[in-house]
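Each of the next two complexes has chain A plus one more chain, namely chain B in the first and chain C in the second.
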Partner chain A sequence: MIAGSLLLAATDGVGLGCGALAALACLTRVGRRRRLTRRRRLLAPHRADLIAVSAGEDSEGASLRALATAPRRAQAALAENVTGMLGKVRGLPAEQLVDLLREHDALDRARADLGHRSRVRRARATQLLGLSRDSSAVEALLPALDDRSPEVRASAAYALGLIGDPRAAGPLLRATGSPGGGLPAGLAAEALLGMGVGISDALGQGLRDPDPRARTVAAHLCGAGSFTRPRPILRELLAGDPDLTVRETCAVALGRIGRTEDAEALARHTEAEHPLPLRRVCAAALGELADPTAAPTLAALLHDPDPRLAELAAAALVRFGPAGRHALDAADHRGPVRSALTLARLQGALP
Partner chain B sequence: MSLPDLAVVSPAELVEPLRAVVVWLLRVTTVPVLAYFVLINTSYLVLIGLGALDFRTHLRARRTEVATLGGELTPGVSLIVPAHNEEAGIVTSVTALLSLRYPGHEVVVVDDGSTDATFERLRQAFDLVEIPREVPQDIPVRARILGLFVPRDGHTRLVVVRKENSGRSEASNTGVNAATEPLVAMIDADSILDPDALLRVAKPFADDPTRVVATGGTVRPVNGCRVIAGRVVGVDMPRRWLPRIQVVEYLRAFLVGRSGWSRFRGLILISGAFGLYRRDTFVEAGGLDPDSIGEDFELVLRMHKMLREAGVDYRVEFVPEPVSWTEVPSTLRVLRSQRRRWHRGLWETLWTYRGMVLRPRYGRVGMVALPYYWLFELAAPLLELYGILTLPVALLLGVVNVPFAVLFLALAYGYAILVTLAAMAMEEWAFHRHERWRDLGTTLLSSVLENIGYRQLTVWWRLEGWWASLRGRKQVWGVMTRTGFNEEAS
Partner chain C sequence: MAVSMQEGIRVLVADDDPDIRELVEFKLAQAGYAVTAVPDGAAAWAAFESDPPALAVLDVMMPGLSGFDVLRKIRESDSPRVPVLMLSAKSRDSDVDTGFAIGAADYVIKPFSPRELLHRVNTMLARTR
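For the complex of A and B:
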């Protein structure tokens, strides 16, 4: 009897659950479409003015004035639209759009929203301040790098990258390797790259960070942004970092910015006692660096039992010009050498 | 009792012992079966909850998304396309893959001993020339390589490797050996990727370059969708009920199952149709096992085992948004073969890695995910078959009454519908790929119809696969008959 009642109750519960979920799916669709329609209706009267301002065709400021006096109920939708456009436009149109946001008090509201309970509100406020490219917002944005929400931390990195103030570089790199989850490394790298040459010291410190993500970002940026001062640390990490990804990133960076002593370090790491993926990266980096002192090392690698490494060495020697060609000619034309030469001819690097 | 004696036994005299057996059987099994029923359904509820949390995070991230796809630290990807007798669609497929949005990717087609014009089509379309490259044996491959070809322009990032036929796993391993980028993805020659799919599935690698070793995306049936030049331009439900039910199945498996496991950090299965791996980890693990039926599942488990034993801090993630579209079986014959193979692969892989079960050393994979797969993925068809067989017999013999049987069936199948509807609600909430109301209705109906016949058939097929493995029968892959995409003229 009890079992039957329980069964009945459970079946009723499941039936109700099914009905509720089916209704939820339908209501979600209806709600989404209604929101979309309402947004379109609110924006429709202002669309032409928005296009004129963002395309830089509002020379007399008539469109900007019209947008500034938009009714209050349309301002939220306008702010959202303008935020989307700010990521794509530069120069006077961008300044005018920021003025419009200021006129609608959107920037003041964004500052207030930095402490809002909703993480979506905090993230959007952070992004908006970044898109306004107001360097006075940096101090207010820095604490957001340690926000408990990953969306807010990512938005803060993005915003600080847009503002481009190098004071934020140190905190950004520290936040990348933060034990609480940190920042997405790619986003941090992108933001730091937007901060220009002033981040050099921070990169040096980032290379010493205990977290491999921060070290990877710092090493990558040394190469991507041509920061040569930390080269000794890059060599050190290439030799002894416990993380293979960090070592490979250092090798790539040294290939881009290195000098003769770096070529020697890279050459040492093509030797057989090192992990094969690292040896291959170092051989490719030597080709990128094209330092003549590396030619004998690369010539020796042409006989390596690993055909990929031998081909990378041959391709690197092709980039050395006549000296490299001489080494290639001296080697017997095994498959890897012939393959590298054929590819170089197809790519137009050789006649 | 001798045979002549049996001839004079009345049916009523035969029914009574049978009734006693069924009563005894039900008495012995009721508690374990009910416990199993409660446990499996609770586990589904937990997975739905975890999946919903994952989706909420995903949605929140999308509402606050900043434009970072394809930025700094995005690693290069080699797309490995094993192809055997794919002359019909190979050029369209490769052209679409080459034009994916991604900052640095190459396509490596491995012509696995095709006997049709697969290679010739590629040679003509891309003006291929042979280069004398030796492919490294990073992963040992038994089949002989016949040649390696690249486009004459020297810039199109396509490599075609011709080899003797030795199966999909070996072809994939050959492709990985020939790959030059730090990440590798296996893509079926007849699969279609969304334009941003690669960027999205690679994002975890850029976000956490030192820890993420593998990611998987969602696979959805392409049947019924409108396709132009290798791109899905319109998402519609298939016209036939068999693929329609599979649309619902895929939704449930990917949007509830994998999202939930990923949230729990216990993902042990990345679909072979759309997975991205760090090449060095893939090679270190030994690549795909050519002798395994569930090679994708086996590889991910092997990677977990290897990395856990080495004490490496690593991540395997599922990214729900990027989609790979694939054609699902539209006939019962092909579906049967597929389900037999899947369940056989599941059993053989779980058996191979039985040593990881309930071993704290393997973390959540060993303590939760693997026991779950043993109990609720592998054993589920066995228990379901038991229910399918005993309930009608018990009903016929009057051991259980009709209202009880009806209620029990309503609860069991109602719960399955509930799980599917949860997946459907999540899909509508997060992705809403099916825009038409009619498709929503069809999905709802499919989630009900799935339980009438389809589900029972798949239970039987899965057990067939398991039984074939236990008897040591050789696995025959069978041929997936493609009906082709609903391709429109561009």
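For the complex of A and C:
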């Protein structure tokens, strides 16, 4: 009897809970729809002017003036639409849209929001400041690289990449290795690549960072952007960095930079005393350099007990032209050499 | 579907983003083109099939048929030579390669300059005339 009553009460409780959840979902949906409708209503009188400015069809400036004098109640909705538009257009229209945001104090509000307790507000603020491409926002954005929220950190890196000011290069590199979880290496690298040659000094410092993640990103960027000045540090880390990934990344970078003066260092690290992954990377990097003095080193690797290393050496020799072909002709055309030659023929590198 | 008729050179614009659709439509219409703007790939293909335009501007990522799907259909249609400009946020080399491999005449990456887009449209149409 008691068990039956308890079961009935539990069933009622579950039913009430489900009902409450369904009601909450409905209310949320209705609320969202009402907000959207209100936003559309507020935007409607300004939409044509916004499209004209965004399309670069406002030579007289009439649309921009009309938007600048939009009523205060419409400005938040307008700022949201303008921010969205900034991710879609560039050139003069984008500059005019940023001026409009400045006029409506949206950029000042975004700076203030960088310290807001809501991570959504902080992330939106970084996004807006990034899309404004305003160099004066760099200082304000840098602390967001160490934000407690990974989304805000990622958004700040993206924003700094959009602004493209090399002053942010050092902090971005350091953020990849910060103790609070850091910034994903790919995000930092993408942001840094857009900053151009101005990041050269920061890369040199990044290669000396105590954290291996920062050193790896810096080494990767040296290769990706063909930064030649840090080559001595790359060679030094290739020889003695305690982290194998850093050493491998330095080898790849030296290959990509493509200076024949680095062939000797790469050749030395194909020797059997070094870790196998590093030897393989160095053999491939020698192929990038295609320096004839490295041909004997690679020819010797054709007989290495590791078939992958032998194959990489053969593929590298294919890239050397006649000097490499001579070494390959003299080698035993079985196993790794044959597969490398077949692959080269398929890729059109050999007749 | 929004249609504006001006000088009679018809351009089809397909993009599921209303901001981009409206601004490209506006930009091209201001330049005198007759623009048909649609919000997805299926509508783009339907518009193309019913009356092939002089040029099409297609977004890549659209619900249903993608811009690449529409481009493939155009190249297999009775009007295979209509120039197609892909307008996309997909900016990887492999995306651009795919676009050109299946027959795009041009590929513009978002964010884009509306002015540059207009120049490209003008140039492509001048070449085909």
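To be clear about the criterion, the second predicted complex is superposed on the first by the 244 of 351 C-alpha atoms of A that agree within 3 Å, B and C clash if a C-alpha of one lies under 4 Å from a C-alpha of the other, contacts with A are read in each partner's own complex, and residues count from 1 in each chain.
Just so we're on the same page, contacts are C-beta pairs under 8 Å (C-beta built on N, C-alpha and C of every residue); 3 or more make two chains touch, one makes a residue touch a chain.
Small disclaimer: the values here were computed from a predicted structure and weren't measured.
Asks: Once the structures are superposed on A, label A:V30 by its partner contacts, choosing first (chain B), second (chain C), both or neither.
Replies: neither
Asks: Quick check for you: in the superposed arrangement, does A:S54 touch first (chain B), second (chain C), both or neither?
Replies: In the superposed model, A:S54 contacts chain C only, not chain B.
Asks: Once the shared chain is lined up, is A:P307 touching chain B (first), chain C (second), both, or neither of them?
Replies: Touch status of A:P307: first partner only.
Asks: Which partner does A:A323 contact after superposing on A: first (chain B), second (chain C), both, neither?
Replies: neither
Asks: Once the structures are superposed on A, label A:E151 by its partner contacts, choosing first (chain B), second (chain C), both or neither.
Replies: first
Asks: State whether chain B or chain C is in contact with more residues of chain A in the superposed arrangement.
Replies: Here the partner covering more residues of chain A is B.
Asks: Which partner does A:G17 reach: the first (chain B), the second (chain C), both, or neither?
Replies: After superposition on chain A, A:G17 lies in contact with chain B alone.
Asks: If you stack the two complexes on chain A, which partner ends up touching A:G87: first (chain B), second (chain C), both, or neither?
Replies: In the superposed model, A:G87 contacts both chain B and chain C.
Asks: Find the residues of chain A that appear in the contact set with chain B and again in the contact set with chain C.
Replies: 87
Asks: Could you pull out which chain B residues touch chain A in their complex?
Replies: Against chain A, chain B makes touches at 60-61, 63-64, 66-68, 71-74, 129, 131-136, 138, 150, 152-155, 180, 203, 206-211, 279-280, 403-404, 407-408, 410-411, 414-415, 417-418, 421-422, 424-425, 428-429, 432, 437, 440, 444.
Asks: Within the complex, which stretch of chain A touches chain B?
Replies: 4, 7-8, 10-11, 14-15, 17-18, 21-22, 24-26, 28-29, 32, 87, 119-120, 123-124, 127, 150-152, 154-155, 158, 184-187, 189-190, 193, 212-213, 216-217, 220-221, 224, 243-246, 249, 276-277, 306-308, 311, 335-336, 338-339, 342-343, 345-348
Asks: Report the residues of chain A in contact with chain C in the complex, numbered from low to high.
Replies: Going by the criterion above, the answer is residues 47, 51-52, 54-57, 81, 84-94.
Asks: Considering the complex alone, what residue numbers of chain C touch chain A?
Replies: Within the complex, chain C contacts chain A at residues 17, 19-20, 22-24, 26-27, 30, 110-116.
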